[in-house]
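This structure is in structure tokens; I'll ask about it shortly.
So that you can tell them apart, the chains are marked A, B and C in the order they are listed, and the count of residues begins at 1 in each.
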């Protein structure tokens, strides 16, 4: 019992209000078990960072309680900080220092000195693949390198609980995958509890043991990715008529099988099927009988986006909120 | 030619609109000359008691001429900053694409610098009058003083424009500013030329600003000296820096 | 302060120095600009030495005090713009998550700035001596001057860190520059206070604390061990330091709302 408390995170009715602005976090209850990777998924402005700041003692909650590593975040701040490592949303690095100098500063702040400091720095640099770049100034690092250094800095004092606030936002696919591998390893091999926020459903899906979906400061759904998707249960069928004028006809046929939902792109029609095993054959026959020609027909297995859609009525990605980040996300791989 | 004028009108409208509506630009432009004026006149007026300091109109008028010329030169330098900013924001590229006559761009910036300076000069003049500055010169003399300052304003603008067109970055600000600052201060700022000693006397004697400053002080005290030489130097500066600015514009065009 | 805290303070101070040293503009400008202004004024105002009652024959020696104050000002602005940037980027948050004590963060920052200011002061002093200024207070006076410089830098630095911590904005700190500049120019920087003719200016220069800082440095250069003036300079610098440090600590406390 004691051991389990040591590495867990618990929050009850956590609230944070800012003077000017909304209730950024509006009553959050959550529990993260030791060694678990918890994915906190939500769009920009949902309240993810504010939650992380409260759990890492950087921001006092307006109401509610939380314990991290068995310590109260309000009354036992120093003890909490000793147990946790955090890489916050802004990879806060000094462009004029080298990677190794960052590690030196960070270890010193944690009271690690001498031989131990050198060994720990080298070990971490190797682990995040920055040995070669260690003596270059951070100014010349790529986004991925900065994130990796950030992760190394969060790990210098061997924390039992790790907070990662949007660790892969803006990264190209390769850097993102590399980070996932490292985070997965930390949890599985070293038993580190990971609290990770993200805007990317794929990240939550692949990496997290359990996912909490947050919107407007509230958790709207929580569970393993499988369980969440199973709740939605039904697939979505997406069709694009070859002739835009036939749109009405397609909609009326498809609506016999389910309820229309927000489309995936311009000109596409999406319907969430009501029967669990979407019978594509029947749908094709019906469309054929209706005499419509399609340029595209697809079945989508339920994703966390569908879960989000079902709970909030909006899509998670590309739903307005933050266009810029989405653009960056698309451009990055092209540049790499 | 009408093309050039309409381009110039557009450019200067935009620059002046920013200048007059944004207090981050307007305030320092007016406050700095006023501040120098106050600090110099208030702090240093005792210096007129140094033997050999013979300037009939008093220290306020003595420093007024310096501040007027300084504000003229710096209105030009600040315009150069604006051009560099326009290059960085990409606005200049849009201008270059749109303008049928690119000399009009130059003309527009020059005109805006002039209006900027006129604004500052008006404020400084009013303050000087409120401070009961003694004026010995008549209307023609005063016209001469402001005309000299105007020449310096044009020369300063053309200089800074030439730099901005070549370097096209706000980092070039010190390159525009420093030489002007040095030229202005390696002149008889606080005392007449004959009271300067040593190396500074040597430098000030060959500094073209000295001629403008001494002529300007002659105008305000009503005993103009070497005024023609000063005007000739002013026109010379304009011709020189005019060529510098136009060549800079061509360089900017070539750089795309 | 415990040994760990000292090591941490030193590490933070070192970082501030390294960071400045790696930005050529932040090294060159504070060294060159005050010297340029010194050259301009030493030349242009030399005639002032012929005023009855002027305390020295060398205007260069008289004006040499100015760079020490001006250099501390520039160093303060530069270092605190960096400090504000640390707040904006979250670097300070990263440090706040370590067991380091809040006060160590502030003291480390101030210590780095002090080191820079004293290094600059050594340069100004060397330039002055190279151009023939003779320090009336001798070698001991030079040491005292550097000590005074450290106090002056601490005074400005703690006020600057207060601004940085309070606003967390690099622009706001940069905006302090003209304010400091005004204090500098409305002081006895260019002329002894008793020779200022305009009553209002003399009054402003007398209530302006910067005058006393300049006069204390100046005394060490042109007068010698004038304890009263030197003591007053230290007192003003010390008073401003305590005031600024109290404000900065309070702002730090609000900024690091950590529990």
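Everything below uses one rule, namely that a residue touches a chain if its C-beta (ideal position, glycine included) is under 8 Å from a C-beta of that chain, and two chains touch if they have at least 3 such contacts.
Worth saying up front: this structure is predicted, and the values here are computed from it rather than measured.
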item	value
Centre-most chain [mean C-alpha coordinates]	C
Chain of greatest Cα-centre distance to subunit B	A
Distance from the mean Cα position of subunit C to that of subunit B, given in whole angstrom	32
Subunit A and subunit B: spacing of chain centres that average the CA atoms, whole Å	57
Separation of mean Cα positions, subunit C and subunit A [Å, integer]	47
Of all residues in subunit B, the ones touching two or more other chains	none
Contact footprint of subunit C on subunit A as seen in their complex	56-60, 73-75, 77-78, 81-82, 84, 86, 88-90, 92-94, 96-97, 101, 104-106, 108-111, 113, 137, 153, 157
Residue ranges of subunit C touching subunit A (in the complex, touch as defined)	4, 7-8, 11-12, 15, 18-19, 22-23, 86, 89-100, 257-259
Residue numbers on subunit B that touch subunit C, as the complex places them	28, 31, 35-36, 39, 41-47, 49-53, 182, 185-186, 188-191, 195-200, 203
Subunit B contact footprint on subunit C (complex, rising order)	36, 40, 43-48, 50-51, 178, 182, 185-186, 190-191, 195-198, 200-201, 204-205
